[in-house]
Amino acid sequence: MSIYYYLSAFLFCLGLIGTILKKDLISMLLCIELMLGGVALLFILFSKSTGFIDSQLMVIFMMIISACEVAIGLSLIIALYRNKQTIYTDEIKIITE
Amino acid sequence: MLESAIEILLKTIVILALPLGALPLIIHVERRGAAFMQKRLGPNRVGPFGLLQPLADVAKFMFKEEVHPTHVKPFFYVAAPLVALVVAILPLACIPIAAPFELFGRTIFPEVFRTDMGIFYAFAVSALGSYGILLAGWASNNKYSMLGALRACAQMVSYELSLSTSVVAMIFLYGTNDIHQMIGAQTGYWFGFLPKWGVFIQPVAAMLFLVGIFAESNRLPFDLAEGESEIVAGYHLEYSSMKFALFFMAEYIHMIALSALFIILFFGGYALLPGMSFLAEKSPILLVALQALSLITKIALMIWFFVWVRWTLPRFRYDQLMTLGWERLLPLGIANLIITVLFVYYRN
Amino acid sequence: MGVDILLTILTVVFALMVVFSKKTVVSAFALLMTLLCLAMIYFQLGTVFLSAVQVLVNAGAIAILFVFVMMLIDLEQFPNNRERNKIKLVISIFTILIIMGVLALIINNNIDTLTVINLSDNSMKALFEKLYNTYYLPFEMATVLLLAAIVACVVITNHRKDDDSDNEGADKGVHP
């Protein structure tokens, strides 16, 4: 079971590196999902080692929050694509109009 | 250890063989049923009553040339039909064909994957059903396929909502997630003749679920994903021979799995059909056989219902479909859910 | 033990594909596979309910949303490895290695307390008793958050510039 601790750390770090390196918004969102997956795994492992069921509930809350995040993020991307015809972060220079 | 491995292997074989073996028969019923509805004869040349026609079709599919278009995305193009078939088979794993019984001193649960939240598992894996279609549409690299896939996907995601409201209402009502306990709550009779099926307590939820499974399995009147008159054949436009047949099989198996879930929730699952109970008292093995027979009969009637609806109702328009899903069925489902919760709260 | 390692290797491979694949659609499907592998890990750890929810919500809804949006946007014109900055890559990899090292130290020092398995009641009943008794306020807030997200999505995607004739009617047939 101990290998899963390293796995969750690895997933979090990989998501982080992806979020930093990627230029397009969709890939960044994908990498954030990866980070969330790593943290959720860690919560479940804690629930196994401490015996508290609370950390499993945290995973449920995390799923709710990640669903909201993805839905709003993707709709923002679509709105951005409609207005600017781009999804690259470095091409979006002005914030209004 | 070895014994349980053998048990699981046998159960897997049975669960896989039943629907796959029934497929040719279902296709035959579908074609003959279509002919019956339209006052035609249908395929009746090959074998008695044309019963061997599906086998001839299979042979034709096997020996047809595999056309592999050059403009497709090769890996995903091949993977899509397999994904569709595998995902369609997965929900069958938790569907019991009889009550738990004793054999050679072991208690045998007649489902492959025994869990106390079977209904939840079935819906979780059938939520993956749109991936095969989405992959096919994207990998085909073709506007019609893409449109078909997007339509199918949007339709499945939308109707999953009203479907799940009806399932949650039934879970509240039975107070359990376990399929065996759900069916246990539905055995017996009211007033001596009316079976205790869920459909008589929750007709609204049953209706929602019924509409939902038509949309989920992309059958007429909701087969907008294929819609020959608008987008040629939708997501399987670029597929030929055996790959096309795999999509076809996936659709029928998805239909069987969803019908089985519908029957478990609303028509008593493997609970004996009225009039069978006096036979079942003879021996426990006979009881198991009769329960399996009841389930299979109910599923067969359900499949006939699919055929019946297919040749009765015309196809919906896309905006009509979305309006029905979001503005009619979803509020209805939520209202039904609230009423059910209040009922359960005041009953206890 | 073997299952642990197999699942870990699978997850790592798919996670690497998410970050380093050249096509965004491939990354999305790799993310789907990662989430399914995580669901299998949850199942192996004995939290069956969470594994089912993971498949239902994360794999069944969130990953579908990703693929759906990717198909609405023409991704051919947006390759996802454009002008990859070498210095940035090296620096981030070093940072990640340092973070991993620190985490590994922490994990290694506490491995005895972390890998003790305390048996807890994993049933749905225990989970939801806790949810509706101790955590009812966060739960209500989460539902409000979901509602806000729904409204936000509808508002954001329905907004149209009046002078933009290219997109006229582009979302007319699309239902919120």
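Note that the chains take the letters A, B and C in the order they are written out, and that residue 1 is the start of every chain.
The rule we apply is simple: a contact is a pair of C-beta atoms (placed from the backbone, for glycine too) under 8 Å apart; a residue touches a chain by one contact, two chains touch by 3 or more.
This is a predicted model, so every value here is computed, not measured.
Colleague: What chain is the most remote from chain A, judged by the mean position of CA atoms in each chain?
Modeller: Here the answer is chain B, farthest from chain A.
Colleague: Give the chain pair, either A-C or B-C, that is connected by more C-beta contacts.
Modeller: A-C
Colleague: Go ahead and note the Å separation of the Cα centroids belonging to chain A and chain B.
Modeller: Using C-alpha averages as centres, the distance is 34 Å.
Colleague: Can you give the whole-Å distance between the Cα centres of chain B and chain C?
Modeller: 29
Colleague: Quick one: chain A and chain C, Cα centre-to-centre, how many Å?
Modeller: The mean C-alpha positions of chain A and chain C differ by 5 Å.
Colleague: Give me the residue numbers in chain C that touch at least two other chains, ranges are fine.
Modeller: Answer for chain C, listing residues that touch two or more other chains: 53, 61, 72.
Colleague: Would you tell me which residues of chain B are touching chain C in their complex?
Modeller: My answer: residues 76, 115-117, 120-121, 123-125, 127-128, 130-131, 134-135, 137-138, 146, 149-150, 153-154, 157, 160, 177, 318-319, 322-323, 326.
Colleague: For chain C, which residues are in contact with chain A within the complex?
Modeller: 4-5, 8, 11-12, 15-16, 18-19, 24, 27-28, 31, 34-35, 38, 41-42, 45-47, 50, 53-54, 57-58, 61-62, 65-66, 69-70, 72-73, 75, 78, 80, 82-85, 88-89, 92-93, 95-96, 99-100, 103-104, 107, 111, 113-122, 126-127, 130-131, 134-135, 138, 142, 145-146, 148-150, 152-153, 156-157, 159-161, 164, 167, 170
Colleague: State the interface residues of chain C toward chain B in the complex, per the touch definition above.
Modeller: Touch residues, chain C against chain B: 25, 29, 32, 48-49, 52-53, 55-56, 59-61, 64, 67-68, 71-72, 123-124, 173, 175.
Colleague: Report the residues of chain A in contact with chain C in the complex, numbered from low to high.
Modeller: That would be residues 1-7, 9-11, 13-18, 20-24, 26-27, 29-31, 33-34, 37, 40-41, 44-45, 47-54, 56-57, 59-61, 63-68, 70-72, 74-79, 81-83, 86-88 of chain A.
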